[in-house]
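The two complexes that follow have chain A in common; it is paired with chain B in the first and with chain C in the second.
Let's turn to the complex of A and B:
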């Protein structure tokens, strides 16, 4: 069978903010750019980012990029790379103005300047008073950014392959990435896209966990492709959880609900946060509340028939307060649970939100892997956004920094690709064995007969990750988690599809998404087991302290041999003094 | 017919969990029993951008087209435990 082929200078996989910002940079420089997206571009998960984007514009309160840098380093629990963080914070103001020029309708102050709101973790003067750094377009900043960037790309003549799923990267014997095999979802036909450079911008992997806030498209496809191409994943043990999601469904219930006076109860009706945090109680920090909920459930004090959640009591606040102060939350609870929070308590459980780890890159967006002395770049491969690990978020991400990350490093990757294309003007010869390997991944799903179902195995994987690699982590729990994920991985071979049609066979896409999740799950649980300390979002009950002597380093998980390596954190910024690790107090 | 359904099912994959959690179960449980006109209205509903769709499905915006408004109400009612 002959395989259809197309050739481009650049292939961007993923059409969220990172992919689109990068594509825009390139299309404007006359590069021939293809963007592949499994859903229509403006349905990418960037659309869900409501909070806003950080930049030290100082429109509301005094501010400075250097203070922003300090807050980001501290927020990362000192695992963030300080060169990349300096680069991001310095670029922020310029890029927010640029978004404004692209058409993002930022909310305004009376004097006409961009409105900025305060957000957790922001300070003036290196840990002083609260700063107001987050620029927002009402509560739809991500939506506004995504639509503006898409329109700008249409204008710049970026070529879109909408509803195409990327199967695998194509590489040659010398390690160059030559593009990817993709499949058109509508026809089921494979297409080989050859590209001088390929950018992975596929977003996070929230679907690893049963309870998560992410869209169902967030299956970490780029992370899976990277692992299969021999590239390690960095810092996968760091996954950000919110303490209160709707149990079993994941939708976020903002911390504001507890801020307004809501509190948590176990099955005995006990206000258990009093035991874990006698002073702050229900307003303790996110990780403390998350761990307390998981502990109550583990120790048999969870509510419901399965005992797998706790209750958030809001009814004592009264209908008026709920309607006035928490209207969105009341809508969400009534829609998805059919209960009235003014009358009944709400089942909640920690919900997975953001993937701090990902494909290791430098601040130019180039994918880098360790070699004997230091690291080297994978020629022709870039990554940006949540799927990448630059690392600006380190062990924990600050609110308002993810939309910033995608535009800063999307653009940086675009700029670096332009240079790369000047030096690499021709397509390299295709490596047929790599193409055959990618095709085999696709045709494997043509196997007929009885077997396990994708949906069942996915559910088991998500439940396993939640139970054994969620917020409650000890050596025993994680060891069991590794074994369980390995058993599930073995069962992948027995999975069969019942639908073998070609046209819009979404079952086949879901099967390949599950393969990606399976690989990423193993990377996550193995990395979490190895890291014997508590830092940022990774919190070990058996190692409650941060350990800078042994663990101030990035983890790198390789699929082959399931091995871990480590690399140092870049503590040296580009032009300013380093912020040395110290205890985090908020 | 099957192809149209499969295409719509993929259109139910959106950028927000809230939308996925309402649209996908509706497609699986309710869509097939709808009269043709309402099936058409559902397809039209899906053509809205994500944020607008969220406002409609949460009942904060009512679409002008009555059929679309009706089917949106049914999607909202079908969401839940």
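Let's turn to the complex of A and C:
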């Protein structure tokens, strides 16, 4: 059977904010761009982002990009690359205005400017008073942005391949990426999309954990594809647990709830964040607040019959603030807890939320891998957004910086691709062996007979990651975690599907998603076991201090041989003085 | 708990049928999507769309005991058994609960769902007062799930010509935006007997919208703007 083929200048995989922002840049430059997404674009997980996007507009309180940069470097626990962070913070204001011009319905101040709210880890004047830097459309900022970005792409006539699942990258002997094999979910038919450049914008892998704030689609498909193409994953041990997921269920309650004045209580009614972060209190960085909540619960000060959560108090904010600024989470709380947040506090617990690590890129969105001296770019491959690790988030991402990351680096990748296309005008010869390998990944699921079930293995993997790679970690626990994941990985070979239909076979998609999760889980536990220090979201009880002498460096996990390498953190910004590592207090 | 679910696989079935399922373990607070996921563990061939699990992505619209809704925010406690689940009506079925939304998206794209401004862009944000911004509330929150349009008899009769409540709600979202400068063009493109005027205020759309939005009011507001435009 001959394989159907299409040819484009650019293939973008993923239609969240990162994929759509880059596609927009490219379509406007009249590059021929195809966006492939396993869901209709507005169902991508950007839609679920709530609180807002950071930019030093200074609409509410004094601000400038340099303070934003300082907060981001400090928030990253000094693992962020300062060249990329400077680039992002400098670009922020322009890109938020641009979003507003696209039509994003930002909330407004009385003077008609964009509304901004305080968020965690923000300060004025390099660690001074709380800043208000997060531009918000009520608590539906991601929804507003994603819809506007999709709408702009409709206007720009971008080609969309809705409900196509990307199976694997196609690569030639010289290391060029030539596109990807994808499968049309509706027909079940494979399609080869050849492209001069390929952009991965597939989002995070929150489905690694049982309780998470993420959508079911967040299975890190781009990360799996990168690993299989021989590309390492960077800093995978840093996984963000959001302090306020609905206890036991995981739905996100935006940090904006605390930004608007909400605060946390333990079972004694104590506002415990005052002890952990005397200055910033409930608006300390997410890693700090999550650890504080987990500590309160571990030490017996949790609420409820099992003592396994804390309370988020919002009732003092009043109905008007809840209606106007936090309508989405008010709905969610009523729907899933049958609680009126205007009357009762909300049970919350840290919940898996964001993949700080990912595919290593430079600040132009180009995927980079180590060579003997330094690193080199993978020709024809880009990554942007949560699947990428630039790294602007380092060991801990600040709230409001992920919506910023996707537009800044989505656009940067788009611009760099335009340059690349000028120098690389023709499609390269297709590599058939690479296509065959990708096809084998697809046809493997045609095997019939009895065997293990995808649902069982996924559940076991998620439970394993939660138990062995959670907020607090130790050597023994992580070692056990590595063993458990390896056992699960082995069992993958015995998994069989019962559904062998072609048309809209979601079982087959879920099986391939699980393969991706399995690879990413291993990258995460192995990287976490190796890093013998505590930094940002990676808390080792056996190594409670940050160790800049040995560990101020990025991890790189390679699938082949489960090998780790390291590369230095870029401490030198583009134009300003470096922020050298110092003790991190809030 | 008992379920009767619409099944159709074009590769093996001549025509659709209803299949009975039973779920033994029902935990308090379970949503219909949770139940469907458990049923899919029993029977991997059962197919439905879903993703965010909290009613913001709009993937899992379906017809639940005769009424369109999102599975992920429909509590099992609220449902009479056996729970009868069908694909949203009026759309071509691809398989089981998955329908072809092509026509729905076509109408959405056709209303030019983006801000149109003719003046040069300022280097900062357009100013918009909180009162002007408030006019977008109840409009911008649409998640394109399709519950409204697929519950609308006018849309069932003229799915190729009538824009449907979801697209018209979006049309009004841009007409109501103080920043937009294409009012005349937008109104003109909605003229004629079908695109807008097939709405007979049956209001099914309002009854089923899982986000509590009111497409009928938006359609009436567009009609008012048209009258104003003519005078």
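Here, the second predicted complex is superposed on the first by the 481 of 586 C-alpha atoms of A that agree within 3 Å, B and C clash if a C-alpha of one lies under 4 Å from a C-alpha of the other, contacts with A are read in each partner's own complex, and residues count from 1 in each chain.
Here is the rule we go by: contacts are C-beta pairs under 8 Å (C-beta built on N, C-alpha and C of every residue); 3 or more make two chains touch, one makes a residue touch a chain.
Quick caveat, the model's predicted, so the values are computed rather than measured.
J.: Contacts for A:97 in the overlay, against chain B (first) and chain C (second): which applies, first, second, both or neither?
T.: second
J.: Does the superposition put A:472 against chain B (first), chain C (second), both, or neither?
T.: Neither partner.
J.: Which partner does A:176 contact after superposing on A: first (chain B), second (chain C), both, neither?
T.: The answer is neither, since A:176 touches no partner chain.
J.: Compare chain B and chain C by how many residues of chain A each one touches, and report the one with more.
T.: C
J.: First (chain B), second (chain C), both or neither: which does A:497 touch?
T.: second
J.: Check the residue A:47 against both partner chains and state whether it touches chain B (first), chain C (second), both, or neither.
T.: both
J.: Overlap the chain B and chain C contact sets on chain A and report the shared residues.
T.: Residues 39, 42-45, 47-48, 140, 143, 147, 186, 215-217, 249, 251, 331-332, 335-336, 503-506, which sit in both footprints.
J.: Which residues of chain C touch chain A in the complex?
T.: For this pair, the touching residues of chain C are 9-12, 29, 40-41, 44-45, 47-59, 73, 94-96, 98, 101, 105, 109, 112-115, 117, 121, 123-130, 132-133, 136, 140-141, 143-144, 174, 177, 179-180.
J.: Where on chain A is chain B touching in the complex?
T.: 38-39, 42-48, 140, 143, 146-147, 163, 185-186, 212-217, 249-251, 331-332, 335-338, 503-506
J.: Any idea which chain A residues touch chain C in the complex?
T.: Its residues touching chain C are 39-40, 42-45, 47-48, 96-97, 100-103, 105-114, 137, 140, 143-144, 147-148, 151-152, 154-155, 186, 215-217, 249, 251-252, 328, 331-332, 335-336, 453-455, 497-499, 501-507.
J.: Quick one: which bits of chain B touch chain A in the complex? Just the residue numbers, please.
T.: Per the stated touch rule, the residues are 3, 6-7, 9-10, 13-22, 24, 49-51, 57-60, 76, 79-81.
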